[in-house]
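Presented below are the structures under discussion, each in the form of structure tokens.
The same chain A turns up in both complexes below, where it pairs with chain B and then with chain C.
What follows is the complex of A and B.
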């Protein structure tokens, strides 16, 4: 079997490795596709649905980060329908949490905010839910503000797959879902957390932050992201 | 066109920061002074909203019965309504009270944290609505200008575009 597949992205012929996801091919060709849960090097979970693409003109949209390429596939990454869905997803993320950017540590450094700007969200048509969410500031260095968590599970994956600590998990379902440390206990009492800070740095929003940061100061330190894939492979071989 | 564009600015539940940002467009205000008529604003003396205004900038969320009555009336007498700033666009900080009841908030503010006259106001102060709302949840908004406050350069560009009869195109930060 050939190890190369050919497909079309936005009408252009491209080739891909058999086990590539559509997102990988799209990124290799420098085509813009919004993503929030995805980070190269961590397992793909398809949680945010922002990377929706149209395949072979089908009405069923697929998440590019969890869909494998196929021979002869025709992928469309951008049209009015996709833009409409993506804007709706972002609006839902805003109303389901309590995002008050003006008083957020990540203001100006937040991937959710960047995408809203890029995709032309200037207000939400949905009603804000103002859910009752909490902050765990028990840890002496880090804190989690559930009001700003978009449940991308990046923290869960980086902690489990790279650090190997498995401190984070997602508990609850639907609108009640939230991330927890260990057995839903406070972060300061965690027997697993090594305080490496990776979860804080990969969190796309202001949900996870360093305590010394004030409003608009939580720039994320992403220098280790290019090495995630290698780190993960090393971990796998160690087991 | 020789007729001046009438402009109003309104201050609902906000901190006046958006009005400060509006004033910060400095010399641009002077440059457009001969093209606009500031007919109603916390910055001028007129107490009655005019019969029809071309352009109204609204700062602040809709938090009290007074805010709601005001904005409904203003909408009826405005051609183009602009939500100026995060409080008007999202509810922002004022809406952080939305997860508590009005009673709980008043208890906290006027009883627990007060030294004198420990009771919620019963007259003069407008009654709070159960939930703080962005302006577009109450009336139709024609243009959104997010930011806390929106940068004065953004207010300037939008005003200049509208005065030139163009639809403003810009990508503001949102949230």
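What follows is the complex of A and C.
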């Protein structure tokens, strides 16, 4: 069987490895496709649904990050319908939390903010829910502001897949879902947290931040991820 | 027949307020009140937030004086961290605070009040604005714009942007000053110093033209509150928090930590703005004023050469005469000159480019109080936090609040002199607004477009029947 597949993305012929996802091919060809839960170096979960694309022969939209390429596939990454859905997803993320960019520690460094700007979300058509969420600042170095969490679960994955601690998890259902440390303890009493700070660096918003940072100071650095992922795979193969 | 005149909104101030004037059956003024009609709630929604967020969050109280809130809030946060912040950070915060003083005073004097001073209280309201000033005295209008621009540029050069910069943080400032920025500010100093001197020279001859207004523009004895240096010179960042009585006597120095024992906050039904008063005297007898008038009446000298001369000339007026709030304008112009001179002095200090500008620490105290002098007067931020540094309680006393009792009394005094219920003239009601403008109250984060604010003044009887309407805009 051939190890290369050919497909079309936005009408352009491209080739891909058999086990590539559509998103990987899109990124290799420098085509813009918004993502929030995806981050290079962690497993894909298809949680945020921003990378939805149209595929010929299917009426359903598919998440590019978790859909493998197929021979002859014709993928559309951008049209009015997709833009409408993506804007609506962002609007829902904004109204389900309490996002106040002007006074956010990650103002200027926030992926949600960037995407809102890029996709033209300058207001929401939905009613703000103003949920009553809290801040856990019990850890001496880091804090989590649940008001800004979009449940991308990057923290859960980086902690489990890279650090191997699995301190973070998701509790609750639907709109009541939220991330927790261990069995919903306060962060400072977590017996598993290694205080490595990877969760803080991969968080796309100001939900996880260093306590020493003030408004607009929480630049995120997650360039370490692909390297750590490679090292982990090398170690696995050596064993 | 009893009647009520309502001036709603009060124009050329920052925020939303209205004035009501009650007339008795003879058409004489029986009472008057200044009402602040907006509610903000910052103290409440700060609860639960990390303390490091407070300077930036509190800066959002105002778009005109965000720096003042940044400074007072950051000082309260320094106390929560229980650190001594680097001296260079203190100097940089001082410069920023003075730049704020210059730009805000320039806005108050030239944009908001000078139209009345230059064109007259009875001038056509359509001309009584900065554009009207440009037609009559273009250089004066340009000078006002230039002074404000200077202050705003200093803020931008230091803090990165003019409105709501995040540069002032708990423990100091986020970035050191660059040599380029320092030199750019210093290059502007000679020009703006000259303009500030011209502005003072323009104002002094006006005093004789406004003797009638001076006599009734909140002209009564009150105490004064403000920061002052131990040597009696002007101070806007640290110093002693002092309250003085008649002719500067009966001095009481207040430990900011004990402000609640000294300053009470009364609540009146007619306004959302609380009325602070001096507790030992009681309410409402414990009336006091803050701001440039208070500072210039309390100080024995300014602390910089040109402003010293200006203050000496101002203080050659008798203490009795200096009780008129009309002299807020005079004091503002002295402080603009002082601010420019002091910025120059501070920028030339040896360690101004030092890279150590922020002390790092977690929360080490459960309570912090920050006091500074905002353009409009003494500003106090008081926070309590839990063990993790989350705000559990906040109390703010802003400058405009301190002046609330005096503004309310001032409205009555000027209305009794100028308002006659048998006939309303726009100019006499403008004087009622103008007394409020002398205090330059900052009722919120918004300022209104000059001369464009629609104003409707209704004269109604106690049965609600409209007797007369004066309309503007």
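To be clear about the criterion, the second predicted complex is superposed on the first by the 227 of 239 C-alpha atoms of A that agree within 3 Å, B and C clash if a C-alpha of one lies under 4 Å from a C-alpha of the other, contacts with A are read in each partner's own complex, and residues count from 1 in each chain.
The rule we apply is simple: a contact is a pair of C-beta atoms (placed from the backbone, for glycine too) under 8 Å apart; a residue touches a chain by one contact, two chains touch by 3 or more.
What you are looking at is a predicted structure, and each value in this text was computed from that prediction instead of being measured.
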| item | value |
| --- | --- |
| Which of chain B and chain C A:229 touches, first, second, both or neither | neither |
| Partner chain(s) touched by A:102 [first = chain B, second = chain C, both, neither] | both |
| First, second, both or neither for A:94, with chain B first and chain C second | first |
| Touching partner for A:131 - first (chain B), second (chain C), both, neither | first |
| Which superposed partner A:214 touches (first chain B, second chain C, both, neither) | second |
| Touched partner set for A:117, first chain B, second chain C, both or neither | first |
| Touching partner for A:143 - first (chain B), second (chain C), both, neither | second |
| Common interface residues of chain A - those touching chain B in one complex and chain C in the other | 102-103, 107 |
| Residues of chain C defined as touching chain A within the complex | 48-50, 52-53, 55-57, 60, 164, 166, 169-170, 174, 360, 362, 388-390 |
| Chain B contact footprint on chain A (complex, rising order) | 94, 98-104, 107-108, 110, 112-113, 116-118, 120-124, 127-128, 130-132 |
| Complex interface listing, chain A residues touching chain C | 102-103, 105, 107, 134-135, 137-138, 140, 143, 145, 211-217 |
| Parts of chain B lying in touch with chain A, wherever the complex brings them together | 83, 86, 89-93, 95-96, 98-99, 131, 134, 136-137, 141, 144, 146, 148, 171-175 |
